[in-house]
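The chains carry the letters A, B, C, D, E and F, assigned in the order they are written, with residues numbered from 1 in each.
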Amino acid sequence: MAQNYSFKYFTVQFPAENPYVAHVEINRADKMNAFFEAMWLEMRQVFNQLSEDPSVRAIVLSGAGEKAFTAGLDVKAAQGGILSSDSNLDPARKAVHLRRHVLEFQDCITAVERCEKPVIVAMHGFSLGLAIDLSTAADIRLCSKDVRFAVKEVDIGLAADIGTLSRLPKVVGNFGWVKEVALSARIFGAEEALRVGFVNSVHENRAATIAAALKLATLIASKSPVAVQGTKEILNWSRDHSVQDGLRYTGVWNSAALQTGDVPAALLSGLQKRTPTFEKL
Amino acid sequence: MAQNYSFKYFTVQFPAENPYVAHVEINRADKMNAFFEAMWLEMRQVFNQLSEDPSVRAIVLSGAGEKAFTAGLDVKAAQGGILSSDSNLDPARKAVHLRRHVLEFQDCITAVERCEKPVIVAMHGFSLGLAIDLSTAADIRLCSKDVRFAVKEVDIGLAADIGTLSRLPKVVGNFGWVKEVALSARIFGAEEALRVGFVNSVHENRAATIAAALKLATLIASKSPVAVQGTKEILNWSRDHSVQDGLRYTGVWNSAALQTGDVPAALLSGLQKRTPTFEKL
Amino acid sequence: MAQNYSFKYFTVQFPAENPYVAHVEINRADKMNAFFEAMWLEMRQVFNQLSEDPSVRAIVLSGAGEKAFTAGLDVKAAQGGILSSDSNLDPARKAVHLRRHVLEFQDCITAVERCEKPVIVAMHGFSLGLAIDLSTAADIRLCSKDVRFAVKEVDIGLAADIGTLSRLPKVVGNFGWVKEVALSARIFGAEEALRVGFVNSVHENRAATIAAALKLATLIASKSPVAVQGTKEILNWSRDHSVQDGLRYTGVWNSAALQTGDVPAALLSGLQKRTPTFEKL
Amino acid sequence: MAQNYSFKYFTVQFPAENPYVAHVEINRADKMNAFFEAMWLEMRQVFNQLSEDPSVRAIVLSGAGEKAFTAGLDVKAAQGGILSSDSNLDPARKAVHLRRHVLEFQDCITAVERCEKPVIVAMHGFSLGLAIDLSTAADIRLCSKDVRFAVKEVDIGLAADIGTLSRLPKVVGNFGWVKEVALSARIFGAEEALRVGFVNSVHENRAATIAAALKLATLIASKSPVAVQGTKEILNWSRDHSVQDGLRYTGVWNSAALQTGDVPAALLSGLQKRTPTFEKL
Amino acid sequence: MAQNYSFKYFTVQFPAENPYVAHVEINRADKMNAFFEAMWLEMRQVFNQLSEDPSVRAIVLSGAGEKAFTAGLDVKAAQGGILSSDSNLDPARKAVHLRRHVLEFQDCITAVERCEKPVIVAMHGFSLGLAIDLSTAADIRLCSKDVRFAVKEVDIGLAADIGTLSRLPKVVGNFGWVKEVALSARIFGAEEALRVGFVNSVHENRAATIAAALKLATLIASKSPVAVQGTKEILNWSRDHSVQDGLRYTGVWNSAALQTGDVPAALLSGLQKRTPTFEKL
Amino acid sequence: MAQNYSFKYFTVQFPAENPYVAHVEINRADKMNAFFEAMWLEMRQVFNQLSEDPSVRAIVLSGAGEKAFTAGLDVKAAQGGILSSDSNLDPARKAVHLRRHVLEFQDCITAVERCEKPVIVAMHGFSLGLAIDLSTAADIRLCSKDVRFAVKEVDIGLAADIGTLSRLPKVVGNFGWVKEVALSARIFGAEEALRVGFVNSVHENRAATIAAALKLATLIASKSPVAVQGTKEILNWSRDHSVQDGLRYTGVWNSAALQTGDVPAALLSGLQKRTPTFEKL
């Protein structure tokens, strides 16, 4: 199926030298890539399309401009919205509207996790609030030396509600550190992020981070897409289930996946010491 | 509501320079703060009261005296108790008494986790057995250089049963290390605790550790209590549920919490570059 | 009960100087200890027997020969098997056969986790694919400096399906790192394994790693077996359940376990400053 | 917000005498209301819109024509589709396409469960296969005397995969009966459906069933929408969670919902013995 | 331990002819046994005491007066309380107070479920709202012919939040019926309650219902208390867990319970065809 | 694969007129088919073999002799065993032996549930204790008019621990009835069993019950084995998981199963109005 990747707030490119890799960039550099509603709705569309596009095998997500991956929620744009409106409703009715709004916002972030292809996020500069929510829904996190992270939400009077509090403790195995940064909203940098396992590696600057992400994406894209997509799915399922349920689900999943032509193709090219090619998926 | 904080084994103080912060200290220094039943029952009372006291926003827990945060269970006091008594009961009836005893003991430790305000524990010197159970029920762990930790229970012939085995693997993302220290009962120090993520930071001595804990508590207490208490609650819920259940619970929780006056207060003071004040909770 | 430990692909020894410790070695050095079906079926037998043998209190698992702990699945032996056979079956019937095969293979690996005695795995040289599945089912992982780890499965076109994807994220608290090594199949060494918490410690060579494992096993074997086996069981249960379910299960477990004679024995020998002895289990 | 309810395969009416009730009818009587892909995609749209339409408080779902509520899947239309296409793909790649297809189909059925307003389904005549999937996603099931139910899927060689097997055992507390009808695909009638609790009541014919459904919907629509929508949500959540998790979620939900003006309105009209009116939601 | 059963709103009697049976009665007949806060707090005390009193083996709960088991919440008494107070708080802060209130109320009802001895509830006359919450926390429900049940909460503008919505679907295997009575708040009688399995049996009048409950309690009290209390606990645990988790928990529980002297006592008296006696618990 | 069905305590027959149906009979009529250890170990073997035998599509389980399906545990045989032995062990060590024993016993019963082919149990006469454990692990339960059921375990001083307490509440949707029969150990008959949904149907005598079971098994065996085995598996999985997890698992399962040749075979024979034939599985 031919995909149309013309979006307003996101650019989607397919670098010539990286077959099967899509490079998505948040494209609102003049506002430090801060998000408002139309943006997260569009982002869901982007990742839903990439998820089913058979010519895509791995994805890099970065932010345009030197200043920020994303400064988070565009508070000014949000103020005219859900929080202020409908002020004549009683608190229970207002709660219904707020809940619907939050659940849809969450669903747009979850699109990154739900995407069947691995997503590597390359962060630099200000990476605040929503940047953490978004990156924990991705699979692998890289950053540049100049990055400034913060779970910023308590500083605007609210508990982070679009993913960080549910996903960060399952991404980083240091619950005390998660609590500290979530309760204090303090800034932390690349070195600390690496030490606690929030990012996989640190790079010189924005360009080097994106280059490293593309290189890793290219490596992953060279593998069997049946194997790669199955691996992402089973890892995410296992995070949320007991080991026994994880094993059982894996057995059912692989009962179809092992019938792929990719296994003999991979074995044969291994013996012949050449690079295998795999059909699209 | 006016709270009465006069206890026998715990001191509760409200440092003048740290508004909204309660400093709880285990107060049995002559016995290395070792616990017996009356103490853990009282500790539950302390944290239940602090949980609902609107003038409290963050809590520091430390141990009196230079020698120990707590040396753990006061084995001598325990010997006359549950383990020896009722020797003419059959093993099944004895099991009922033991189970009730363990579940109530667990519940006293869980009072720290259930407390709606963040709890920062400042440990020094001997911090053995029950010290680990207790600190994993807290939110953030700090320690001094001289600390000596051990999951001591196997050395007295039992599996730790008041929290360590259930919580430590969810606090520290290194299951092999957890198994090693729990199965060997070996001592470990501040540096190792920091490396594996058991503590957030290490300080020069007992005084410096408490000072750092109070400073962090003060920072957290300066944030919106609606945001802080919601953050603690959602993080603990998410630890025990799938990401989808975590997101849904968050949406329901915030449908009320987002209606707080703290959000506009925080936004406004952000624009005006001044410190916001928030109502009690 | 007297146990018979005569196996074809595994040696089981009881070192004279390490009472209560069993040393299991994968014994197919000429093929880099690569596994085929008869081996994993036998391995299940080995660990089922050790689990119930009252003269065993801790187990070390290593691989014979200097080259490899295990190079993983013996692909050549596997090729004539499940993947190629029954080619005239429809994909749904083939899936049933594959699923049964995977579930039984998983069960053989799970025998290591199910074993009631702690298992310390000592790895060196090539430790690929199945080596990771196997070691995550053990309790504690040690390795030598020369070790070469890889979650190799994507390189042969499949998602790892006998344990790595379900257990590795619960062993190592760095979900991004798990995804990277599982999606890229890249080699990683001892230092990286230590840093992310995959192994507990690194040793000079194969012999030193095994020696360290035996020493740790001997230490654990000197503790009360009631305490040690209860600790392993409760830690594994807690990994897969909420904290509340973990605490409740612990209370029920210990209602019998606390009635052991090991508690007074341990307390008394503690007062008398001598080494306690415990009855077999 | 003004809603546009012009659909192709479904009619949506608002009966004048039943304020706040929407009557949805499957509108393909000439084909016994058999479903094909465009229909279930449209049905999702219908229920998504009704879910957020503040002028709707309860929904009745029925089928046009005297012959059938729905005869199930339109097998002829399906044959040209997912099952036959892409025959040159390997079984693993085909599995990916099939899984995506099934998951989207399931999501369209789940739209009925996800709809925030109660859905009462009125069934008559042939109600086969998909009719069971669909009705178990609704809240209340009524039927006419002439109804002919069957979990028909095994008769076309497949396990029911769009909801029956996951929901029917949680709707009907007779697991043996569920297994019998699912494994044998046998027809069962109104009387048996009533006896096992699959339907709430049986009515003379199609018209009487729809009339009874509209009457019940009108009764429910006369209650506080805050109370009604909360009740549906909490009942569905509780089905999938432990009692403790159900209670906790309820507490969080009601912390906003109890602040509604509907509680004083209901209490006052109770005292004044008149019918309360509630604001839209 | 000697228990003191002098309460204000509940009478606790030990009928001479029914050894080991406690009869608890709600004692506010002039107000149709409607509940206000002091009553549910006291009820928790009653059941906490009975739970640990070794001379109690089974409990009957009924309501005084001919008119009602309980008419539910005393709305007049509640109006001056939590819902109206603190009106100057913002909705987020008010939500905190409401949630704390609901959770404590729930906990008082849960005391009946948590009670280690079986509780048989005997209902008659008006049994509305809280009567349903309360009775689903009990083990066995009996009623008289004149009973009038209703899940009344939607009629006062709220979703039932102290247990009915979490427990009723797990007590009665007819989810459609549960939804109907919860969404419509309609009255239902003894015959319907029996048909759907909400009550175990129906009796002529209040006196006959209580007599039948006492008879059943006496029968249960004649059995081994180790067996009876274990059976209640395991059934409640199993309701909230998978079959595998239920089996495992049972195995751990019985590893202590099977060591009771009650098993040989029961076997011996079986052979000797006489009634066994069992020690207290 | 050719199967050898020569057993000591069970007969396995393949009735000529019922292709693909296996009839298993408990064969110890002189002792009312009471079970001892060698029998349940053998029963696991029987069902493990039937599970993988491609010529078997449905199974009927009955008891030899007119008196009893099974009178339950052979208490006399059990007395010399696990409960009395090892009397010099401390209660904690004894608990380990008891737990291992119970878990293996449970696993033998679970073999019936784990068996991939549907199991219909035909009960008559005394069907006590273990009869209930066993039959709840089966898929469908039939009985004769003369059947006498009882959850007998409390009468010998123990909580039923090999399946009844975990499975019966999930088989029968009447939790109060389950508690009553489990706590009182009272006898109940065919009519009551039918009313609460414990059995699917009641028949004149033992012969008629077995005939009905064989007829139902033959009907099920005439369906696609891919569809039938998938239906059993998904129903059992769904019982233990949330609806969302059930749907997801179903989607993964069917991604392979829908590729069977049985779907076109069933569709074609449906159009041609003839009986389809399906390949073995």
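Methods note: a residue touches a chain if its C-beta (ideal position, glycine included) is under 8 Å from a C-beta of that chain, and two chains touch if they have at least 3 such contacts.
Owing to the predicted nature of the structure, the values given are computational and were not obtained by experimental measurement.
In this entry, chain B maps onto chain E through a rotation of 180 degrees when their C-alpha atoms are superposed, rounded to the nearest 5.
Where chain B touches chain C, the two copies mostly use different residue numbers: shared numbers make up under half of all numbers in play. Averaging Cα coordinates per chain places chain B and chain F 48 Å apart.
The distance from the centre of chain A to the centre of chain D, each centre being the mean of the chain's C-alpha atoms, comes to 34 Å.
In this assembly, the C-alpha centroid of chain D lies 33 Å from the C-alpha centroid of chain E. In chain D, the residues touching two or more other chains are 91, 94-96, 170, 172-174, 197, 226, 239, 241, 244, 248, 252-253, 255-260, 262. Across the interface of their complex, chain A is touched by residues 237, 241, 245, 248-249, 252-253, 255-256, 259 of chain F. Against chain B, the residues of chain A that register as touching in their complex are 75, 79, 83, 91, 94-96, 98-99, 102-103, 106, 110, 113, 153-161, 163, 165-167, 169-170, 172-180, 182-186, 196-197, 239-241. Every residue of chain D that touches chain E in the complex is listed here, in rising order: 118, 139-141, 170-174, 197-200, 216, 219-220, 223-224, 226-228, 230-235, 238-239, 242-244, 246-248, 250-260, 262-267, 270, 276, 278.
By the touch rule above, chain B contacts chain E in their complex via residues 52, 89-93, 95-96, 100, 116, 226, 229, 256-262, 279, 281.
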